[in-house]
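Scroll down for the structure; my scribbles are underneath it.
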């Protein structure tokens, strides 16, 4: 990386990052501090203006309410289940597209990014319809055609997760495919040539060259997408509403309900704060072990 | 039995609309222990040849024989060949040790054995103190050694090298060249080495192959090729400065050009049947001297330290002369040139073939 | 009045924990119309100097004067300097015409005028047929011309060039060098040219500056520096193969080394006061000849086409000799070396200073 | 589209006004709010309107008329406000609430309890409230306070497809019998009811039919009463229809836009329970095959299944959140009286089939039905069925506690219908969820004490956060 | 060897075709819904996948109806203006920040980078209400406010990619332009942005579609003035999804999203080549 060394300039770059800093403070930090503050109060619909500090009460409520751990488990299933499947799917497609002797790449690619390029709010509604058992096309046509059992998210938690994660995969795989495709293209093919000469088979090449080369990419998209998925609640909201019971409910869906169904802003803030602490801890672990930010030193 | 043999290799790249015939019938026989340098301008297909030998690319026509056996259908890993690619391709995510150990790991050599062999090679190449480093912490010269170490560690008896020194500093390059040569003499593998740098080619090669127009234009002892190029392209390509090539006519016992005439050397007599020829003479075989018989005017003086190249205009031609380092000449000075007639070559004006070789 | 003047320029890079003093007091006076080449090994700070002259980097100490005026506080765009960066930096997203026209567009030169000037420069550099192409469609040599054209079109009287030929093929490089020289002679700008390639430095420079250890080690006529290096570093750096440097002792009228002795040339008499010296002699000033007085054994023969370098072991030293191209020698052969005594240099063993220059 | 013949033109069909108050002209209205003359300077009132697109056709006619009669009041209308009050709350918190707002009575109840709305009974004489159907005005009252003026009433009814259902079942036994027959002979679902996707709005009718009540009062405190045999029976009733008899399709979504409605529209389900707001969709799909009737009597108990009677209506924000001047409040009062008067309400009925909450408009509508004036003629019978249901409704509990009912119910019910818990457990869970929610929100005395938060702890939390974010501090902390 | 190749390609094409069907099927469904007049998402038969009648009523209604001062074409226009401005500003911010991180001296760079990065981890549920209140206080419940609220998230994400991309651009491109007479900022605008085009394209797409499709924030900010609505709000309203007192008109909703999808899809396809290069600096050789 000599370029960054030689290119470094004495100019004070502070001016250049000032805009983003100001906006970050305005759009993230201040609301956050405010949210943190609210979480120590009893602000809700009935104390919209005359609320008081209630200390850690909201946090106590959260830990005593009994479904804290259930929600953590659900959030992890949702986040990791979605991420692992959509990253693998994206990766697989990227690998397929990256084959040198494959024809018609750009046409396939153009079709495959469509789910990403289409307004997601209607796609979700359509998916809701597709999953209806036994009338939606998924259960009427596709699954029987593939000799797979039908899926009904109303009566089975497992089915509900499958439905949620598959739908989320549909929405997101194009992004991962794009990311991995563009990273794969930048691996010098000499690396493969040489390994092949040394006797590496397809699998060896994949595990010894492709994966290590993409380590940084994987880490970067993993962590950003981890946070995004953790905080993403529209699919759950629209498809299962968190049911059956609260078996597909996540932190954020719950926080959202607290805020917008019950107007308990204080509790909602506390949920969000706790949720965020979790993401940050997990995020920091990933950052630490993948050295993703090292290139910024 | 040739150790590596290429038989009429053709390779055509198809790109969108146009097809490029990169190799158009390559024939090459390489003996065991040879250090063969394939020299050719950029983009002529040198890398392509190496990749075909390694089996990474399939030729469109022709055959590759390795160690006497037809290798066309062997996969790269069965060919037992090592390679140093054009940009080293040192795996950026492994440290030096792992990079060198990589071929052994793939072959599932036992851990201890791997350690031993890697250390041995690393010591030989004086990189044993770098084994823990990541490639990004290495200089170009060190990277190149790692790449060579990785090729050597396999103990393959055929090693392909694709311009391994081209990224190095001039100074370092000269040193590296010498080391490489010693290494080959010590270990004795067959090396096929690709470059577009003449100095490298001449100093390294036991056999030199010149690649141009998809064909091997010449193949043989480097100094013989240098001294007696088999065609005018070879003459113009080999040597720095290159051989002076002057369109001439044979008029009886004389060679005429630019209004000058020199006697036709004895050895050409009787074998010349065309009268339009190209006269070739190397700059180091011309002297600027009072008793020269060709008159010219100094056009440009290039001082290069250990010698000076003087460009002398004779008629419409510029003739380059290698001069002593310390001679001062001015532009416009009138000089006389003295050719070393014994070192003159004549080429056919049409086909460019060396008339001596063609006919003699 | 110097056209470009550097006065005690220091530059220190701070990186994490360590600081690197790259330039440690550079002084340089360049006259109008000079073609100054700054020659130095890689990483010695050549690019840094150019960037300081251009104003892209601020020196930590010292002053830059341009055209007689202090320029320390001028921004790059006010210095009216043109530059050819190390990697050309031809904008990949513009075609050749737009690339060349770019500096003029920035100055809001009228459209017509731009066209005229670009065409003029392009014709001069023989790239007028490439004006529509994108840089990705150009060869290295063509790219370099575009970069030079872009520098010339501004009509700046100071042009900085950072290893502009280093990416080119050997053949092309030699041609480009000649063209560049002609161009400078024709247009007459002051050129400051940075390279680590000696041949380039010697053939181009009207003044040569040698950079090492953050200082200008020598500055002057290239051939004078070559012939009579002012210290042993310069001697060891300049020339390819470099000057042979042999630790010797002065014993009365003799210079002794490796059990051999040669007479101390007349001109050194009286000015030598230490008795440990370093004897320097260039390979081209040694002959292998029966009437030589130094005995050695051939260690290695490097055949380079137009000449051959023979490495001869004498005692513990290896002495390189430039030999005729066609002489065949075997490793292990016993030879005798004949030095050209008039071309011997002696350096102080401690300081490395040329004793002749120091004392004479 | 509603039949064109009933689309009124503002001049022709003007229902005659009778009653204790006469507020048909502008001066009367102004007097009513204490204005004796037209104010000298014009005022602007901001209005958030949550009407659907078809209701807005009626509203805009009303608005045009209003602006003509009160040229000094400029109405700044925000269309497309969603019902459910979160939007309003945010705006209120930012002191940027609209002066006039339209929402459901239960949203309004919560807002009123939160002190964000005006108590209209302090501004208007009591006779005004008798202009509206009693049931609708009681939806808009808490104790003596009235916090909004209703413009329609709503509840769910039974829709059926005459192609499969020969007569409207009057009891659940009949309903089951019909459904079974439909199932076996026509091979379509007897009933489509998305019980597990329910938040308890529809289910409340069945709960009541089994004798249940959502709240009871204990020691003067309102407490949930979901954990009852009525709930167990009601749940099991639907479970039985779904899983044992297989005559109910457990739909994943409700209403005309959900699976329920779509199956019904497609002729794949014979009976559904839905509100008149979806009438147009069903009319369009089934035409004369559509039938509507009140929910049946629960055979086990002999009690009718009684849906919530809800009312949407207009309310006025407390000036503290809207910043309204007294004059603006007066203008706002005039505005909400005007848009809920008989003419405006009747217009909503004509154009969007909203059931009027205004007595006169309601009576007019009834008279029209009786006379069979609607075209196409089968619409008369449908509307009659719908209006008949009004007799069998329960009051919508508009107390703040109600807000916590929905999710508590839904969570347990969806688990129950997923066959993950039995009815008893479901009833218990509902109730305990409900109680927990109430406690968390301070609507029930709770065990959660106010935990003191010493300033040092706040510091510690902030430090902890910063330690995670700023490595430098981490080192400093380590050094300490 | 050959056989293996054919098997590999066959499997590849099979997977690709399957995935294309998987991708396209729901979209086909949407388009079909938009062309029906009795919207039905669920109870279709397989034969209905190929409709016998096609109705343009939904499109006609959307494109011609006037909603009390708003209309769908107007809202689309608003959306495009809003989303383009957001994209422009996001690009500028992302590149500025990436440039500064890569090229310029910033004290505590790594800490700062990590900090602004981690800040974006906070969920919308935590910031929505405070954000609304703050913007209400500053009277910025308008396009400017929306743009300000939209930009930082994408920009910070993209700044990281931009940083890596700029690292891999030789600085001499900038230097030569400075010598030729541009100021550093001009160089940034004219040279750096152009050289980092793949990242610019990616940022543009992410921020454009983010702003273009957002409902929650836009609804909170723009609700009062129907003529200022974005297409998403308008569509929810026109299709009756905001109000339970009407059955949703899915055909309108589908038609609207098809219309909205056209510019978006065009943008994606147009920058396809750029996007497939945007992440390359993350991979492989450091």
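Going in written order, the chains are labelled A, B, C, D and E, and every chain counts its residues from 1.
By definition in this document, a contact is a pair of C-beta atoms (placed from the backbone, for glycine too) under 8 Å apart; a residue touches a chain by one contact, two chains touch by 3 or more.
In this text, all values refer to a predicted model and were calculated from it rather than measured experimentally.
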item: Given chain A and chain D, the chains that contact each of them; value: E
item: By count of C-beta pairs in contact, the leading pair of chains; value: A-E
item: CA centroid of chain A to CA centroid of chain B, Å; value: 55
item: Chain centre separation in whole Å, for chain E relative to chain D (CA means); value: 36
item: In chain B, residues with contacts to at least two other chains; value: 75, 92, 136
item: Per-residue multi-chain contacts in chain E, two or more chains; value: 41-43, 110, 114, 118, 129, 133, 170, 250, 284-286
item: Numbers and ranges of chain A residues touching at least 2 other chains; value: 1, 6, 9-10, 128, 132, 135, 188, 213, 259, 280, 284
item: Residues on chain A engaged by chain D in the complex (per definition of touch); value: 40, 42, 44-46, 48-49, 53-57, 60-61, 64-65, 128, 131-133, 135, 153-157, 241-247, 257, 259-264, 267, 280-281, 284
item: Complex contact set, residues of chain D against chain E; value: 46, 50-56, 60, 76-83, 87, 90-91, 93-96, 98, 154, 255-257, 259, 261-263, 265-266, 268, 275, 277-278, 280-281, 284-285, 312, 354, 468-472
item: Touching residues on chain C, where the partner in the complex is chain B; value: 41-42, 139-140, 169-171, 174, 177-178, 181, 196-199, 202-203, 222-223, 226-227, 238-241, 282-284, 300, 302-307, 322, 325-326
item: Touching residues (chain side chain E, partner chain A) in the complex; value: 5, 8-9, 12-13, 15-16, 19-20, 22-27, 29-30, 33, 41-44, 46, 49, 93, 96-97, 99-107, 109-110, 112-114, 116-131, 133-134, 148-149, 151-153, 155-157, 159-160, 163-164, 167-171, 174, 184, 198, 209, 213, 215, 232, 250, 253-254, 257, 260-261, 264-265, 267-269, 272-273, 275-286
item: In the complex with chain B, residue positions of chain A that touch it; value: 1, 188, 190-191, 193-201, 204, 208-209, 212-213, 215
